[in-house]
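Note that subunit A is present in both complexes that follow, paired respectively with subunit B and with subunit C.
Presenting the complex of A and B:
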C-alpha cells in the first residue's frame, strides 16, 4: 500500500511516546483511536503526524469510553487497532476493555501511568497495575507487559499486536510518565527484517458473501441469559488463558541463583533495582533482582521457585503494594520473609533501594 | 399449523418468533429496517450493532453480521468499525436510554464529526429492560417506577427531543428524521433514506422511531395505540428534520 515506515535498523534518541507511535507503525497498526490525557498525548501527536504518510488512520474521539469502544469496532472490522491512555482515562477504558475480554477482541492499549487516585499528578506512578491487570467486572482475561524503558516500549508494542491477534486476549503495554516523556537511545527496526513475523488480522465481521445464504451470520454478544451459559464461557476462556500463560509470561532475573535476598520490581523501578543490586554485589552482598515483564499473566512458576529458594524477598514499587499483592499471591505458603518498599506516585532511586536492602540483610 | 407471517428476507427465520414482549415496538421497527435493507440489497455489506436494554434481544434477529455492545456504546463501536472499513454499512440500534442518556456524548460526538454511520433510536419514553424507569424522553406527568407520581417537569425536565438536537449540530450531508410504529410505510422510507445517505457517503444519518412498551406502560392495545399516536405525538413530531441539500426542515411529511 505504502512504503515500509521503518526501513533501516538505526539508533535513535526519542521520547517514549514517540517510540510507541513508531512501534505501532512498524507493527502494521492500521488505526489509532484516542482521547487527550497526560502523559500519553504525544503518542497521538506523533501518530497523527505519521499515519497519513503511511496510509494509516487516526480518530480523536469524545472520551476514553469512545476511544476504547471504537478500538473494539476497529478490530472487529479486521484492523490492527490501538489506543493509549492514562490515569482516570484508564478507569474509563476498563468498560470497553471488559467487552474486549468477554468477546476476545485483540485490542492493544498503551497505558502511561500517572499519579492516582483521581486526577493526582500528570507525572508518574505505578498505581495502575491493579486496574490494568484485573480491569473492571470480570476475571482479568488480558495480557499486560510492563516496560522498563524505550527499547522495551518499542519491542513490546510490536509484540503486543502479535500476542493480541494470536491469542485474542486484549493486550496492554504498561509504561509510565517517565518513560513517556524522557528521551533515551534505542534501536528501531523493521520487525520482519529481524525475522519477527507480523500476524495478519482476520475480520470478525464483514466477510465475503451474504449471511444466511452463503455463510452463517457472524454474530457476537456479551450478554448471557443463564448462569450456566456464562459459567461455561468464562471457564473455557480461563482454561485457554491458563494453558497459554506459561508461553506468554516473561521475566528478567539477575544474580538470583545464590542470593539471600531477591528484590522484585517491575517497569522502570527495576532499573533502580538493577543498579542497586550491581552495587550491592560489588560490596559482596548476596542480593539478586527479579522483574516480571508480564504482570498478567505473572511468571508465577518462577516467583514460586524463587520464594522456595531464597530467605528474603523485597518488593519495591511506586505504588502502595499493587505488584506486591500479585507477588504475595504466588509466594503464598513459602517460608521466606517478605519486605516492602512502597513509594506511591514517586520515583525510586538506586541508593534508596540499596539502603533498604542493607537494612533487611542486617536483620536476623 | 399456523401460517408463517411475512418476514423480511434479511431476517433469520430459524430463531423466530423474536424475543420481544407481545405488543413491543422493537419488532415493528426492525421489520421496517429489514425491509429497507432488502430493498437496498445491502444484506452482505451491513453490520448491525445493538445496545443494552431490550434492543440487545435483536443481536441474532437478522441474517446480518452483528455485534451487541454495552449501554450507550453502540455508536462508538460502529463509528470505529466504519472508520476501519468504510465499505461496510454500519447500523447502531439502541433505545432512548442508550441514545439520549448514558450514550448521549457518543451520539453528539458522532453527529458532530458526521460519522458515516446510521443510528436508530427506539423511543418508548422509559427504560424498559430494567423495569420501567423514567428516561429523558418520559412525558410530563407520565408515571414510571422512578417517577411514581408522574414526571415533574419542574425537577426532572421536559421530554428530550433527540432528533431536533442532532439536527441542530450536524454538518451538511447528514440526514435526520423521526418516524413512528404508527406509520410503518413512512418509517421504512426514513430508514431507507438514512441508509442510502450512508451508502452515498453524505454523512451521519439518524432516525428516531416512536415505539411502544405496553408491558411497562401497563396499557391495553387501545391505550397503547393512543399513547403512541396522541400523547407521544404531542411532544415528538414525525418527519424529516434534516435532508442533505435542503435548507428547510419538513415536519409531518
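Presenting the complex of A and C:
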C-alpha cells in the first residue's frame, strides 16, 4: 500500500503541468507512464519528483505507443495508471486508447494541446478535439473533459480517475499549452476530506483462485472472429455509453436565458468569451455564453434546447471548426443562424470576441 | 465600465530578468489574495531571442491569458521595443530604458504615456548591474501601484531568500534597488502624447 500524501487545503500559485501532477497524486494514482513532448513535459517532471516521496511510480517508455499500452497494462494489473501527451504524441496514443475502448479499460490521459498538424508549434491550440473525442478506429467510447484553467485541471484530473473506474471508459483531460505553462492561483485539497470518495482500482487479471472453477475467467478481447460478435459487443457498449451520457455530460452557461446571441466555446477560449460577454452585457447587449465541459459525451440536450430558443449562435475556437462540427451535429434542424470565429493554433483575446459579437448583432 | 484588471507586457533580452520580474509580481499579487495570471513567451515570441512575459493582475477572475493591448508595456532592449509595439494602444503606459539609443522612431506614437527610465544607469552607478531587474520592477510598481512595496519585498524574499541567508548584504542591495526604482516610477513624468 502507498502512503497517503497529506494535502492541506490551501491556495497555491503554480503552472498547469504542476497542477496535474498534484491532482494525480491527490486522486491516488499509482503510476504514470510517459514519453516527453512539449508542452506536457513538466507533468512528467513534477510527477517523477513527487512520486518517490509517496511510494508512487513512474516509467518513461520509448514512445507514446508504448506509454499508452503500458498504461493499459498498469490498469489491467490493478493500478491507477495514467499518461500525458500532446500533439503528434496524441496521434500515437490513439492506438492503445482504441484498445482501451474495446477492452473497457479505465485509463486516464492528460492532453496538453499544441499546434497541428504534425510538429507545427509547441505552443498552443484547440486542434486535438477531433482526435481526443473520436481518435480511434471506432465509435469514440470515451469521456473527454475540456478544462479552462488551473482549478479545472485539479478538479477534473481527480474526477477523471473516478469516472474512468466507475464506467470503465477511457477518460481524457483536455488542456492546452497555455494552461500547461501559465501560472495562476487555485485551491488544492484532499478530495476525501471534501467528501469525494476515491474509487479503488481492482485488478482485471491475475485474481485469486482458478479461473472457471473459483471465479469467472477474465477475458478481455480486442479481436473478434465474426461480424455479428463484434456488432453485439459494440452495440452493447454504445447503449451503455448513451444511457450514461446525460449523467456524465457537464456544461456551464452564463446569461443565456434572455440572449439573442449565444457564444459557444470550450476550454481556455471560454474565458475570453466569458470576459467578452460580461463586457457586452455592461453595454446592455443581449449576449450569453455556453461552455461544454465534456466534449464527449457532449451536453447535447442543452445545446439542442439552446438552438431551439436563440436566434444566433457563434462558435469560437482555436481550431478550424472542430468543436463547431460537434455542436452543429446537435443543432441540426434548428432555425437559428450559426456563425463562427475560427483561429486555428492561435490564442483568442476577449476584445476580438467582443468585436465579432457586435458585428453579428448588427446583422439583420 | 469597471476595469480592475492590470495587463502588463514585459520584454527584454534573455538574462535581463523579465520573467523573474513578472513571476515575482504575480506571486506578490497572489499573496495579497488577488487574482494573477502569468505566462511566458506565447505566440511568435516563443522563439527568437527576445524574452516576453505577459502578466495580468485583477480583483476578479481573469479571462483569457492573451490580450491585445497592455496597460503597461515595458521594453528593456531595442529588439524588445520593436517586438512589443503591437501591445501598445491609446491607454498604454510604455516604459523603456533611456540607456537605449536610436529607438525614438520606433517608440509607440499613440500610447497614453511614454516614459524613459534610466534604470541601467542607476543600477550601474548606484548599485550593481545585477540588480537591474529590481530597479525595473520598482519602476513598474511605482508607476502602477499594482502591488504594495511590502508584498513585493515578501515575494522577493520568497524567491531569493536562500541567497540572502548566505549573503545578507544582498537583501539590502536588492531592496534598495527596488525602492529606488519605485521612486523613479512614481516621479516619472514621461512624454504625454
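Quick note on the criterion: the second predicted complex is superposed on the first by the 357 of 364 C-alpha atoms of A that agree within 3 Å, B and C clash if a C-alpha of one lies under 4 Å from a C-alpha of the other, contacts with A are read in each partner's own complex, and residues count from 1 in each chain.
Here, contacts are C-beta pairs under 8 Å (C-beta built on N, C-alpha and C of every residue); 3 or more make two chains touch, one makes a residue touch a chain.
Note that the structure is predicted; figures quoted are calculated from it, not measured.
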Q. Based on the superposition on subunit A, does the combination of subunit B and subunit C result in a clash or a fit?
A. fit
Q: Using the touch definition from the top, say if A:122 reaches subunit B (first), subunit C (second), both or neither.
A: second
Q: Could you look at A:314 and tell me whether it touches subunit B, subunit C, both or neither (first, second, both, neither)?
A: neither
Q: Can you pull out the angle centred on subunit A between the C-alpha centres of subunit B and subunit C, to the nearest 10°?
A: 120
Q.
After the superposition on A, what does A:249 contact: first (subunit B), second (subunit C), both or neither?
A. neither
Q. Where does A:350 make contact in the superposed view: on subunit B (first), on subunit C (second), on both, or on neither?
A. second
Q. When the two structures are laid over each other on chain A, which of subunit B and subunit C touches more residues of subunit A?
A. B
Q) So, does A:30 touch the first partner subunit B, the second partner subunit C, both, or neither? A) first
Q: Tell me which partner A:279 touches in the superposition: subunit B (first), subunit C (second), both or neither.
A: second
Q. Between subunit B (first) and subunit C (second), which does A:185 come into contact with in this model arrangement: first, second, both, or neither?
A. second
Q: Check the superposed model and tell me the shortest C-alpha distance between subunit B and subunit C, rounded to whole Å.
A: 32
Q | subunit B/subunit C common contact set on subunit A | A | none
Q: Name, in rising order, each residue of subunit A that touches subunit B in their complex.
A: 30-31, 33, 57, 59, 61-63, 65-67, 69-74, 76-79, 81, 95-96, 99, 103, 203-207, 209-214, 217-223
Q: Flag every residue of subunit B that touches subunit A in the complex, lowest number first.
A: 10, 12, 43-45, 47, 52, 56, 59-60, 62-70, 73, 75-85, 87-88, 105-106, 108-109
Q. Which residues of subunit C touch subunit A in the complex?
A. 1-2, 23, 26-27, 30, 35-40, 42-43, 46, 61-69
(Q) For the complex, give me every residue of subunit A touching subunit C. (A) 11, 13, 121-124, 177-178, 181-185, 268-269, 271-272, 274-276, 279, 282-283, 346-352
